[in-house]
Amino acid sequence: MTLQATQTGFVEPSLIAGVQERFDEVRRHSVKLGEPLSEEDCCAQSMPDASPLKWHLAHTTWFFETFILERYERNFSPSNPAFRVLFNSYYNGVGEKHPRAQRGLLTRPSLDEVLSYRHQVDNRIAALLHGDGDLAPIVQLIHLGLHHEQQHQELMVTDVMHLLSMNPLKPAYDTRLPLRHAAPPPLAWRSVESGVVHIGHDAVVQDGFCFDNETPRHRQFVEPFALAQRLITNGEYLQFVQAGGYENPSLWMSEGWEWIRSQGIRHPLYWQSADENRWQEFTLHGMQPLDLAAPASHLSWFEADAYARSVEARLPTEAEWECAVTQAAQPAGPNAQGGQPDLQQVFGACWQWTSSSYAPYPGFAPAGGAIGEYNGKFMCNQHVLRGSSCATPAGHSRASYRNFFPATARWQFSGIRLAKSLG
Amino acid sequence: MTLQATQTGFVEPSLIAGVQERFDEVRRHSVKLGEPLSEEDCCAQSMPDASPLKWHLAHTTWFFETFILERYERNFSPSNPAFRVLFNSYYNGVGEKHPRAQRGLLTRPSLDEVLSYRHQVDNRIAALLHGDGDLAPIVQLIHLGLHHEQQHQELMVTDVMHLLSMNPLKPAYDTRLPLRHAAPPPLAWRSVESGVVHIGHDAVVQDGFCFDNETPRHRQFVEPFALAQRLITNGEYLQFVQAGGYENPSLWMSEGWEWIRSQGIRHPLYWQSADENRWQEFTLHGMQPLDLAAPASHLSWFEADAYARSVEARLPTEAEWECAVTQAAQPAGPNAQGGQPDLQQVFGACWQWTSSSYAPYPGFAPAGGAIGEYNGKFMCNQHVLRGSSCATPAGHSRASYRNFFPATARWQFSGIRLAKSLG
Amino acid sequence: MTLQATQTGFVEPSLIAGVQERFDEVRRHSVKLGEPLSEEDCCAQSMPDASPLKWHLAHTTWFFETFILERYERNFSPSNPAFRVLFNSYYNGVGEKHPRAQRGLLTRPSLDEVLSYRHQVDNRIAALLHGDGDLAPIVQLIHLGLHHEQQHQELMVTDVMHLLSMNPLKPAYDTRLPLRHAAPPPLAWRSVESGVVHIGHDAVVQDGFCFDNETPRHRQFVEPFALAQRLITNGEYLQFVQAGGYENPSLWMSEGWEWIRSQGIRHPLYWQSADENRWQEFTLHGMQPLDLAAPASHLSWFEADAYARSVEARLPTEAEWECAVTQAAQPAGPNAQGGQPDLQQVFGACWQWTSSSYAPYPGFAPAGGAIGEYNGKFMCNQHVLRGSSCATPAGHSRASYRNFFPATARWQFSGIRLAKSLG
Amino acid sequence: MTLQATQTGFVEPSLIAGVQERFDEVRRHSVKLGEPLSEEDCCAQSMPDASPLKWHLAHTTWFFETFILERYERNFSPSNPAFRVLFNSYYNGVGEKHPRAQRGLLTRPSLDEVLSYRHQVDNRIAALLHGDGDLAPIVQLIHLGLHHEQQHQELMVTDVMHLLSMNPLKPAYDTRLPLRHAAPPPLAWRSVESGVVHIGHDAVVQDGFCFDNETPRHRQFVEPFALAQRLITNGEYLQFVQAGGYENPSLWMSEGWEWIRSQGIRHPLYWQSADENRWQEFTLHGMQPLDLAAPASHLSWFEADAYARSVEARLPTEAEWECAVTQAAQPAGPNAQGGQPDLQQVFGACWQWTSSSYAPYPGFAPAGGAIGEYNGKFMCNQHVLRGSSCATPAGHSRASYRNFFPATARWQFSGIRLAKSLG
């Protein structure tokens, strides 16, 4: 089931109960992410790329209102006509949008009003779901809306983290999460032979949801390569920093070099040093001594690419990443290659930059109407990240998932898995 | 008593009680200004020039802590060492400052913490005031701090007004204030003869407070001129708009013309029109039909200057303004010029742009130390405004007061009183 | 023979004569490009992306001096030590560079001095080529330098064209070139079946030069597709303009839409209209009535991509382009697909934007040292263009050639060849 | 005779000859200023504030064509209709203007064509001057045009100097001018008593030309002050640099401090140091060892103001400057104050920044029509400079002359004459 599908048909009552349960669970989780925060924390915007948590809470609700209630509710009338503009993120097909960089100025509606907006839309979705009429397209759009909301749940964490990092008091977001990592094993390589592979969401094997950009499944040829079995650690990245990696133009893309020079970038986004031997990192727990065993994170593509070059490796293509991860996930058969290391930290640690620009798969067709703007219109000047991070909500990771950000984005939990060409 | 004075000497106990009373009153008023607002409203910053209300509440407290407690309290220890940087506005002599454009990101300390900071400093000031030791310099600095706080009270209103104006919901700040104005009398002119006049705060006649920039009192020669008896109204300014004032370069300073073209400015800051015949204005009550009788307000110096040129008049110099206002305030003696109109709207309506650049008076000397940065270092590329506005707190207006803003500032209650040369 | 190769070995004397002849010819052609221009025309720089013709003449000479004379000439001494910095384009490995945006301020050295610099270096290269020692690496670097110079010859034309276009007098560069195009045939499609194809420079079949970015030759899988037999014409593109293509966000990449809105872009770079029915285009002949039969040119990637979407097609990947062009070039064998149209305008009309981001081929390794900066460090945020244009010098086109520019670049002769997925 | 006067009346034939002679002389001098330069040097523009020498040559000619020939020539037809836009500097009343920052892109018309434009207009002016009709207004406008051209002659030198300074080769403009200065006398002060003084061009005593901004003559009151008898030297300014003047915020205007920090300014525009003890200065002779006896030059108002503060002095107001200079020029009468030092370097060394913002004199009225834009529309955010510089042409200096530039302008020969308040 992908973003754009709009089949009709009978939907089993038992299925409805499951959808309602999942809906409640995901929607509740968003609100829960705001609990450690004040009303003020939820309203501020630290940069145009990031949004206030309150805005995320409202926008994810707007998505259900605009793409489901507005289409399927009888006698639909908007919760508040102004919200159609205020909480539209980027859908030109829906109409006007509040300027992105001014989201932090929306002190009204208040957080309470937004929570009450959520409540009202939740009730109306529930009513729709338990009403008569053709439920199939509604159920599909609810799934889409929930996956959309899960994407925003990750952004809520990373956007709040960025906001708090800008505060000289360096407050913690939530200290309940464990942070320390065990010492990593030595870096090892998992090799993959050349051949034609299938890339993209496999609707036959995986019956779950996917976004339109993961389709259509298609063939690619991969030359022989090897993939690192784990992510690069802070300790390894620190060596790059200390060896002058940020002062050596031969390691950098030309545009990346201009960027780090003009911005004065000398280390990962959240690192800070009193002196060269005492590094700290801003985390969800506030400032902490740099954990050398943890995966290096909050790296731009430019930094990931330069690091790889410094160790005579490279970033994987997204096809290489997907193919290796898929193969590693399959039970080793009788012809299994012996001695291949297991892939670690594929999901749940850091997103992994690939060398691939974000582009449509051969035969890609976005959904019709405004919802077709979801993914397709960003296929330029972005790089694909694969895997998922510690901020990704449960149930939102899969091998075919394509995350994407510009080469300078650093506020996500983005790290490095190396690759190298063989043969 | 001016900003820089630091005499010592015995202070009457009865005076102390008065100081304490005034202190309590001014400090209470600041908090009161936040009452119609939410925690979020108090945290957001709509542009670098404006500050969050919470920041104003903290900074005015920082002023007392830094310039009084730190100097005069025995065993001084800061409320919170981080506040010294966070709430320093522009005093390089005090040390580092939090970047001005990032004040809206300070979701911590919370509003409650700031209110409690205020409470604590208030108590410590009270203890100091009722302790032994040389109270004279302390009382002087308290007065300075209270006048400083009153300046910020005006900014709290204008900064919040700007924030709310940026919200598409156009919320009201406080609807208790009356807004409608009576129809104004026809424009009339009060003439003043040429001669040497005394300009600046007159410590002999007025025993009250003044800022250092109002001193020293000195002589200026004024050529004969006339000053309009009232401010230009919205109705009059609307004629300028409708007659193409914003499309006619011959009315504008070269820099002003470039500015209105590049910014697309076609009317006063808070005006808005559905069509040419139905104008609205954003006010402290939210959007309202344009009140033609009210003084035109929220005008830049460029607009005020262009308007004056369009009616073949000009803006007064600050010496002309002060001289005319001072003469008009004196009882008409036996040689009084008959038939001169009384000056109206001198205080309490809109600040009045003058043609004078903000510059030191002959013999001006700022206070020593960081407090000398209060006024002197802004004497470049600013124009003086005289009078006071509806947002100026009671007791903060006087004829020698010199307000100042760059030629493009529009978010203050700034209007137009015309002048013309005679003879 | 690729950019990075540095074999040694004996070089046949007859080969040397050929190299010298080609050297003279290419070098002469650069100077010839400046002939229709004044000293002033050759000095000005119209935007940071473009360089003055005089600078191109000096930089291409610097290339020979720095990468050949400095390495291989006995007792090398620089023509002028300042030139090492002044005429370094982007080689960090060579050292400092004169700021790119200030190339137009280099009124010294004069054009005459630059021509004399060329003459001097040409003589020294000739001496080296006819001296003893190991000539193999020198010959290779000369070939590289000549291909480098040919790239700059194209830029000389496009950069001068841009400069002249900024002049309200709209002067012609050279009216000797024919401009009019014959009416094009109806658009037809050449289809290609799916399969593994070989992409990249084939050193076995083509013994000529290639840049490092065309290697290594490797395999890719292409899904079935079809490629348009000719380029989109001005007439066809005009329909897109007149149908509101620039006002319809659903046709554009999100970043492209923001870009055309913020820049006010409504038509190709050099088009101009008095009214909607009388379009002109600035050409090498100056302003001319828009030639509807000519290929649409000076388009950004964003415009090419939007146009393709508007006709329900897409841009080809570079692999598709190369594969189709290679197949079309081969003699039709006994199993030839009947009725396939011949590909037209592959070379010599306009460069053709592909959907492919510029990225290293699997196994790509740039040359060592500063010369490795030639191509590799630009592999980010650029799109590949294939083919060649009317400004490309003779002998500088081949099927594996990878030109690249950012998605907003418009001053090259860049056009559209459509593709579509099949099956 | 001021800019705006337009009397009519009979003009003596002998006067005509004198006008023609002066016309020829001034016009010839402009061309002479370009003689040490190449065609390229005359075309380039180093920053938006500066213009190419060729542009100055054309614009000063445009002035005569537009304001004289167009009005007074029978059957006027423009030399080239495009020039009306190309060479309009800032006269909105004349119509469109070529964008200021793109003057360096005007490689056409060529320098030869501009010289021929000059020749043609010169001939037509001469014909007009020797024709019949009312010559009085023509003669007046010719005088205005010549003074206008002399202003541009100063800019030709300073603009070319800036261009050459941007060239790493640091070429000399003209080495015929003497550069070395004799050791200056110790700083001494000339005091002036308080009183009402007359400021502005005195048409009775001085029968020569003045610009409209020097009128009307009017009264000002000056408090007692003293003026330094000479300018501050490089040696004195170097002490300021070495004592950390650029690192001490308490010496600077707030806006000036932000400006020097953000721009990295640490010394006068044309100074350069290999190490702290070996300073050089770029001059019209190219790079030279810093001449400690020469007046410090190429200073912004911010630097001049900060320097004055560092030595516990200040800049004079323009009234103080004019009054002191006028008094010093008068023969000492019987009541002469004994022992007052003579003022040196009043004219011909460096322009002297005053503390005065550029504002209209009381009763100022600009000329009607486009020519009224000459001065009046710049009376905002500029400071007045008095005196004249080594680049000012002969016959273009007078005590009432008001030059003006923004507080950040540094490319003029602008220096420091100190003042202090007395009594």
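Just so it is clear, A, B, C and D label the chains in written order, and each chain counts residues from 1 on its own.
Going forward, a contact is a pair of C-beta atoms (placed from the backbone, for glycine too) under 8 Å apart; a residue touches a chain by one contact, two chains touch by 3 or more.
Everything quoted here is computed from the prediction, not taken from an experiment.
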Check your understanding: Among the remaining chains, which ones contact both chain B and chain D?
Key -> none
Review point. Of all the other chains, whose mean CA position lies farthest from chain C?
Key: B
Practice item. Measure off the straight-line distance from the CA centroid of chain A to the CA centroid of chain B, and report it in whole Å. Key: 48
Review point. What is the distance in Å between the mean C-alpha positions of chain A and chain D?
Key: 60
Point to revise | Those chain pairs that satisfy the touch definition | key: A-B, A-C, B-D, C-D
Study note, to complete from the structure: Listed in rising order, chain B residues that touch chain D in their complex are 90, 92-93, 194, 196, 218-223, 225, 249-250, 252-257, 301-302, 305, 314, 317, 355-357, 359-360, 362-363, 372-373, 377-381, 407, 421
Review point. Okay, in this complex, where on chain A does chain B touch?
Key: 38-44, 46, 82, 85-86, 98, 102, 104-111, 163, 166-169, 171
